[in-house]
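Input: structures, listed below.
Note that chain A is present in both complexes that follow, paired respectively with chain B and with chain C.
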Partner chain A sequence: MARILIVDDEKNQRLLYREDFEEQGYEVRTAENGLEALRLVDEFLPHLVVLDISMPGMDGMEALSGILARYPDLPVVLHTAYSSYRDNFMSWSAHAYVVKSSDREELFSTVRRLLDEQAAKKNQAGTKPAEVGE
Partner chain B sequence: MKNGADQLDRVFQRASDLFHSLPVGVAFLDRNGRFLGGNDLFFQALDRDHEEVYGRSLGEVFRRWHAFKRAPQEKTVDLEALVRDERARDRVCILVTTQAPARGRTFRLRLKTLGEGEGKRILLTLEEETQAQKMEQKIRLLQMLAKHIRSTPDLDRLLFTILTCVTAGRALSFSRAFIFLPCQGGKNLRCRMAVGPGSPEEAGAIWARLAREDPDLDTLLTRYSAARVKSEAARAFPELLQLSIPVDSPRSLVARTFREKAPHWTHNAWEDPREDPEFVRIFRAREFVAVPMVAAGKNLGVITADNLYLDRPIVHNDIEFLLILAGQAALALENAFAQATLNSQVKHLARMNKNLREARSKLILSEKMAAVGSLAARITHEIRNPLTTIGGFARRILKEAPEGTKVRRNAGIIVEEVDRLEALLQGILDFSRPSQVRPVPLDLGALAQEVKVTFSSQVKGKVRLRVQDQVQGKKAFADPSHVRQVLINLVKNAIEAVGEEGTIRILLKEAGERLIVSVEDDGPGIPEEARGRLFEPFFTTKIAGTGLGLPITRALVEANKGKIQVESAPGKGTTFRVLLPLYKGEKEGGGRQMEEGRAQ
Partner chain C sequence: MLQGPSDTLTLILAGGKGERLYPLTKTRTKPAVPFGGVYRIIDFPLSNCLHSGCERIFVLVQHLSAPLIRHLWRGWNVFHRPGRGNLEVIPPQHKLADLWYRGTADAIFHNLDLLQGLRPRNVMILSGDHVYRMNYRRFLAAHEESGAHVTLAGVKVPLEEGNRFGLLENDPTGWITAFREKPEDPAPLPGDPDHCMASMGIYIFQTETLVKSLTKDARNPSSSHDFGKDILPALLDEGARLLAYDFSGNEEVPYWRDIGTVDAYYRASMDLLKDPSPLNLWDPEWPFLCHPDSSLPPRIGEGTECRSDILSPGVRLEKCAVTGSVLGPGVFVGPGARVEDSILLQDVRVGPGAVLRRCIVDAGVRIPQGAAIGLDPEKDKRLFTLSPSGLTLVPTGLPSEEGFSETLI
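After this line comes the complex of A and B, so read on.
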């Protein structure tokens, strides 16, 4: 079962996405800021991170560089109310960029696609999943 | 009575010697105005003999002459009518002049009735007036020149006017005249205008026509456009107009005249050591005169005049008058140059003023946009997050609630309203910060069809939406998502405009380097006061409008290097025209790949 880490500073949104993804059969943990996210990446070893950008404390961009420094292949979906970060160089290093919407279909399909791609890559490598940085 | 006439005739015969020695031309006519005879001077003036005149009427004898009354206005006189008018004929003095202007002689013609009844005779006197007439014509020419020069707006016409005065008047009738002006920073002189026949045949034709029509100066000056005159000159004197004479040339009378600000006259240019034979070959005139145009001590150019094809020497009198005329011309020329400078400065200022005004209104608009931008950035995101949550949970409820329940209906309403709000927020964001442009070769026809399908549910009843593709597979170079948004906005507006009934047409046309997508409706049109503000943010005429639709549309079009125009008249509908760059193939294809590479 694929593990997804949701990072968002808003409690209700964390709840919404947790229910969404759990309903779709994923194992979900949530973090409310960048720092917590970095801790959970090490602890929970997610297959994918859904990362909000604008957060108090450590924001998404900082967390993104921290995550990619340790797990360069870990798919990160930037999930934000701002479409303006799309033009930010840092956000180009994320695997996907989804603007928040009450209609989460784009988020769901992006997550599915990235996880499928990752699974395919690992199958090609012929080994069982081995997390980088262990 | 018969006796009376005989008596009179006898008196004349007896006094024959006296008549022949009179210093004026004298002739007798019978009471019907037919010539009986005249003295030597009379026949000399007419260049006829007794046989040719006897028994003919006044009109017949002076058929080739121009007869006119001078004051108060020059007016052509019908000699036949005059001789029949017994009361008038003794009182008026008229002028008659030979029609060929080149060799014109002018006479003062008077009629006097002598005797009574059957024996009535008419005495005709002719007094030569050529010199006085010439002087008067010179003054009139100067007046005319002054008048035309004042009302002459451009340089070519002014030059033409000057040269026409030199060649066409009765006062000063050179056969050809040229104006040389300094060019290339005053290093060289070039012939800028030429008037006169280019060949002997042409000369014959021109003078025959002038003799026939005898046009006055006004007519000559207004008959042709300056452009026509210029092209005529270029045709008649192709080599001369190409010629460039160095101002410091030692062998050029034109250059010498310019340098020395003094007239030069050569009787035989072929043998004149001051003239270049190559110039004479092109110029052709053996005798010519060059006079300077000087105004306030400033050298403006040179006028040359000659009598080529006319077979008549240049006389001193003509040169003196040409000098006066050149002085006038120089003043006029200086005026024209000053005027031209002034005009170009005025134009420049007007252009600057217009640019400034445009910049100012753009600045105001962009300040408004910036204000919208920062406001939007702050508020939009604050609203968007909770909205996502509200809508998100509403969707969950919608999914979980059983079909047909009130909960399901209510959740559906929340989802719908949230969608609307989200679309509005997206609009504000797009406007305050249009997203990156990713232009690709774009099939507008296909896109228009796609937009048509999008609106199929709204286009019903008596509303029609048609697509007319006249670009035959040509592609635009633009971001498809932007153009789609633009079309959607415009079609949406059009549908709202036509209301219950109407036709909307999406028309694709090609125009040079651009493709044009027009969205036309036959709705009520946009009132004039609203038209100028259509693209201002937050300006709306709709009850539920955000006032952002058209500003966003324009921002999107401009981000794609396009233009948007609107045409509307109350009662006649509205047309929005979007001009997009035409895709021209490989060159831009490379640009596109680069753009895409950057976007990833």
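After this line comes the complex of A and C, so read on.
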């Protein structure tokens, strides 16, 4: 079962997304800020992170840097109410950028796509052991 | 309308440890290594920037950067013109993580916020450890006219030396078709069977292309985060337009040297003594700026033999023989001493009767009276490093006791 870490400072949002993703068969943990997210990334070892940007304490952009330094190929979906963060070059480091919407299909399909891509990459690496570690 | 250098941000990579230049890099980063008597290596790209109108510069430093920062602070305030230009030194800030830069591309990825603030149209990436003369205006114009995502400067090298370089292969119009890193069978240039094109490690990127490729590379755990090995081959694979700019065909003085090793450093230094020198330091149209550590006049005393040398301010030669050598600021050579085919960095003192041949002597070293260095490799090997070509490298930090002096005689 794929593990997803949801990072959002709003409790209701965390509950909502947790329910959504659990219904789709994912194992879900949540964090309310960047610092907690970094801790959980080490502990929970998620397959994907859905990361809000504007949060009190360590924000999503800073957390993204921390994730990149430790797990560069861990897919991160920036999930924010604002489209203006796209102007921040650091946001380009995320695997995807989804603007929050009442229609959550874009988020779901992005998550599915990235997890599929990740699984395909792993399979490829598995069938070609010579390339592992290159 | 063409955009000029004012819309281009220049990043100079100046963090190299320079292990193959040891012991010259024992106390300073490679771009801060003195060269040609009065210069530091970084003075060459910086002078090119100044003459090309590229006046927005960030110098990214890392290892042993204090001597470089001091040099830039003392010698390079010429760029500080409010509203026009600026030179800023950017040390590693560990903003992203507690990591040193893992490669040339990583150094820039860690500093994306510099690009964020200025939003330049292009980013020119230079290396702080090349000795050359280059008009970046022409390089930029070629980039703009072609519409390339990235333009790479390439220098023609003889085909048989191609295996020492990262090579660019391009079609007859200059578009790059392949990169090959130190290939055993270099491909010749179209229409020039005797030469191939080596990448100079000098690039102009459209800013968006640069940011996209750096952020993508940062997500790749198997990348070494290097422009030559990772970023540019990946861009080519993705179908980006990469143009080769023929440095050799566009410059009146197509002289370029990567000062990667002690032997390369020595050969480039000796190039300055040739007649005519392949790199003219005395061209009033393109002077290389420097900040010598002395402003005293050089003095050649009576009875001194001095031939084919570069002498810096403050040099004093007293009844000695100095030939085929480059002497840095404040060097003193005492009576009866002989210095041949050597490089003496600033404030070296050569005692009376000492003999130096094919040596590189680091700053401040006192060569004791009667010492002989560079004459007997077996003896030199016990005390110093010898380069692959047999140069004797005399580092800073030698003991000054009498007993040690005797071992040199």
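Worth pointing out:
We take it that the second predicted complex is superposed on the first by the 126 of 134 C-alpha atoms of A that agree within 3 Å, B and C clash if a C-alpha of one lies under 4 Å from a C-alpha of the other, contacts with A are read in each partner's own complex, and residues count from 1 in each chain.
Just so we're on the same page, a contact is a pair of C-beta atoms (placed from the backbone, for glycine too) under 8 Å apart; a residue touches a chain by one contact, two chains touch by 3 or more.
If you're wondering where the values come from, they're calculated on a predicted model, not measured in any experiment.
Touch criterion not met for A:Lys122: it reaches neither chain B nor chain C. When the shared chain is aligned, no partner comes close enough to touch A:Arg3: not chain B, not chain C.
By the touch criterion defined above, A:His95 reaches chain C but does not reach chain B. In the superposed three-chain model, the partner touching more residues of chain A is B, compared with the other of chain B and chain C. In the superposition on chain A, A:Ser83 contacts chain B only, with no contact to chain C. Applying the stated contact rule after C-alpha superposition, one finds that A:Asn12 touches chain B and leaves chain C untouched. In the superposed model, A:Ala69 lies in contact with chain C only, and not with chain B.
Residues 92 of chain A lie at the contact with chain B in one complex and at the contact with chain C in the other. Put simply, chain A touches chain C in their complex at residues 65-66, 68-70, 72-73, 88-90, 92-93, 95, 133-134. Across the interface of their complex, chain B is touched by residues 10, 12-13, 16, 19-20, 54, 81-84, 86-87, 92, 100-104 of chain A.
On chain B, the positions that touch chain A within their shared complex are 377, 380-381, 384-396, 415, 418-419, 422, 429, 433, 435-436, 600. Those residues of chain C whose C-beta lies close enough to touch chain A in the complex are 95-97, 99, 112-113, 115-116, 211-212, 215, 218-222.
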